[in-house]
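Pasting the structures in now, so scroll down.
Both of the next two complexes hold chain A, though its partner changes from chain B to chain C.
Up next is the complex of A and B:
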């Protein structure tokens, strides 16, 4: 496998895990625009544990994931006091604070970043992405997943039906934090270097777009969104900045034509399982709702 | 009329310019008294920077207050003005204007920002309104505005490159007060900012359009029942947004003499912080918040070094959103905010 292809595949898998981290909260009706902050926690967590504390990768990655989950759990209580645009801004501010803190901390190398010597190969990343994908599909099929969906669709009806809103939202933030942290940890070990400037607000915006363009209704959404977002720029690579213009136009058009994202529950209902794995009819041949 | 916070606010707002002016004079005098000219110079440049932040913050707060829409294209409109002005002047399209080419360029830049802003309206709000009947309850305009951010920024990168460029303004006159050196462009821009924002406050408070905007902010459906042509009033929000971001971009360009495709990013995030500090949806909150953030930035660079701004400002924003969502100063929002 060529270096270019394996690097693209690695970033696709990392983006996919990252997108599922944002999806889990979005599926419960919360918009998290601080994804880069959680990813940075995972990346720097594993970087410090393996490079500075000398622990093996098999310990440092799970530990960094747990740290990100714990921070997701803790931050969810204050953040869940807010709604709508306020929540978007609160999570955005969280991401900025994390990046600013890492930039200022000498322990984490400050603006110089950190070198991560322990390398993990592509197969491990692919396995992680597959596991996270299957886990999310399973999660969406459980009672918790159903409760998350109900919160997204109609919060008041969910409360009437006895859904414990706070518990479900906290769980979504914790799981989301864990996934984002895991994607950061894999990023750190695969690219062998982390710097705070990489985990900026644009990254948070991009990953939120993966989920919203793909569709936040079903677990297929982030998969399609990550593929679309990671592969489209690669396919359009010829044009330099022009590809991002095309990309922006695609986003605007997508919001006009399919505001619930590429993959919706309605779309899945209209497709037979066999066609589903083709993933093709999503592009526009399906009737609009 | 207490159901319209904007109206209830009108009497208190009259004294606000005087209060702000007094606070500014006190700050400068205090700076000279305590730390001598070094501090006073930082206070002055902080206020100049704050005036830019404040104009952009007002643009943000206006779209959120009226349309419940966090418009991510605002930093790009800011940048478009500077880059279009530079591009037109540098390529000699404005040679006919002679010594006033820089001014013609900036005017063209502001026009482009307004047109771009209307383009965003056409493909987000008007389309949503046609298709779903209401656009203020969805996350869709927010996502679309992120798309437009990519489009505008990369169009500029394609046509004018990614380098930072010099934008020369032909006057260098300085005024000396109390041993402080204040540039005429800086002073003029500060005055112009105050005029623009005061004009906006006047429009919102005392004109028919302002009343229509405040009615939409309360509830778009009720507004159309009451005879407000929502489809014709909403574009005005976008024109004002383009105008405010454009004027801020033009002033920034004149003051600092530099333009780059990324000049809006830092200003945009600082303006969002300023808006949150002052209370989302409140015009006067955005004004005070902008000045506070500008001052905090220059003073914390003076005392703690460059990178500390990000943690201080955003940490404060996070705490304020969570503990006191209506902002530090608790000024009334344009509408109820629908949150």
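Up next is the complex of A and C:
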């Protein structure tokens, strides 16, 4: 495999895990615009544990993932006191605080960043992405996943159905934090270098776009969104500097044509073999979103 | 009365700002009864439902479900304690399918971590799904269980909401205008269905404007006006009650042809 191809594949897998980290909270109705902060925690966590503390990768990556999960758990309590656009701002602020903290911490190399000597190869990254994808599909199939989706639709009605709203939201933030952290840890060991400037708000916006453009209704959404966002800019390289324009137009078109994301439940329903080969057209599946 | 009532509302008050929306309301719903809660628009019927189900906290008084105080419980514990409700405007989850909406109604029955992490969507033969499909059939909901709820006719969605509320096996089922927007045939079907569900001890409290529906279904009626209870007695006598007539029509002289439909 060429270096270019394997590098692109690694970015795709890391982006996919990162996108699932944001998707898990989005599926439960919460927008997390602090993704880069969680990813930075995972990246710096493993960087410090492996480069400074000399621990093996097999320990530092899971440990960094758990640290990000713990931070996700803790930060969910103040964040969940806010709603709507204020929640977006609160998570955004969290991301900025993490980046600012890292930039001013000599332990983490400050603005110089950290070199991460321990390298991990592509197969390990692919396996991680597959595991996270399967875990997310599994989660969305469970009753907990059903409760999460119900919160996204109508929180008040979900309360009256007996759903423990706060517990479900905290769980979503914790799992989301873990996935973002894992993506950061893999990034650190794959690129051998971390710097706080990389984990900026633009990164948080991009990963949120992966999810929103791909579709936050099903676990297929982030998969399609990550593919779209990772591969389209690469394909557009042929077109030179015009690619940014084309890419931007493509995003706008997606938002206009598929406001709920590329993959919706409705699309999956129509594409399901049951529906395609069913003699009796399902009653009441008429109006589409 | 020696029997513990299914629902006992005792001296409950609620103010929004300076406005007393519910003012010292007391009544009891006997176990197994089907009671109607009626009143003119803005009388506080839905607010009272919200107070009982815990959407809003009460200011004073107390509420007991089967003799157990519930007014300080979070809403989800009230569901576990045996309370279920529907909403005035259909509040089905638009992105969930019919069967997923109904299975959401079983949420409080799945109270172990194993039940929460059970991949429902992958098990087409799980007991949960079978029970939900059976309830659909019993209620005469003849649609594809995996269809989107958003495309379904109003009457069907209304039925799904009632079935969803029944999935938690409640002791007290509170329905907020279940017959609103239904055609006469659907209304009659709903009434028959609600009478047939009656597992032992299921108590109904129904907010409704359709008086023929109320007469058909409910033996007892309470009437609210401006947040106060003005009538508590048999449904039969409600239209002859002077205070009730005044509340609805503002006059004591009532043309008899209005008697069929108070609202």
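Throughout what follows, the second predicted complex is superposed on the first by the 269 of 289 C-alpha atoms of A that agree within 3 Å, B and C clash if a C-alpha of one lies under 4 Å from a C-alpha of the other, contacts with A are read in each partner's own complex, and residues count from 1 in each chain.
Keep in mind that, in the parts below, contacts are C-beta pairs under 8 Å (C-beta built on N, C-alpha and C of every residue); 3 or more make two chains touch, one makes a residue touch a chain.
Since this is a predicted model, take the numbers as computed values, not measurements.
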| request: Based on the superposed arrangement, let me know which partner A:227 touches: chain B (first), chain C (second), both, or neither? | output: neither
| message | Applying the document's definition of touch, where does A:116 land relative to chain B and chain C: first, second, both, or neither? | response | neither
| request: Look at A:13 in the shared chain and tell me whether it touches chain B only, chain C only, both, or neither; answer first, second, both or neither. | output: neither
| message | Going by the contact rule set out at the top, does A:269 touch chain B (first), chain C (second), both, or neither? | response | second
| said: Just checking: does A:156 make contact with chain B only, chain C only, both, or neither of them? Give me first, second, both or neither. | reply: second
| Does chain B (first) or chain C (second) touch A:219, or do both, or does neither? | neither
| note | chain B and chain C footprints on chain A meet at residues none
| Which of the residues in chain A come into contact with chain B in the complex? | 31, 78-79, 81-86, 88-90, 92-94, 96-97, 99-101, 103-104, 111, 201, 205, 209, 212-213, 240-242, 244-245, 247-252, 255-256, 259
| request: Note which residues of chain A are touching chain C in the complex, please. | output: 138, 140-147, 149-150, 152-154, 156-164, 217, 265-266, 269, 274, 282-287, 289
| query | In their shared complex, at which residues does chain B touch chain A? | reply | 64, 68, 70, 72, 123-124, 127, 131-132, 138-140, 142-144, 146-155, 157-158, 269, 272-273, 276, 280, 307-308, 310-311, 314-315, 317-318, 321-322, 325, 338-339
| remark: Per the touch rule above, chain C residues touching chain A in the complex are 53-55, 75-76, 79-80, 85, 87, 91-97, 100, 103-105, 107-108, 110, 115-122, 128, 142-144, 146-148, 150-153, 156, 164, 168
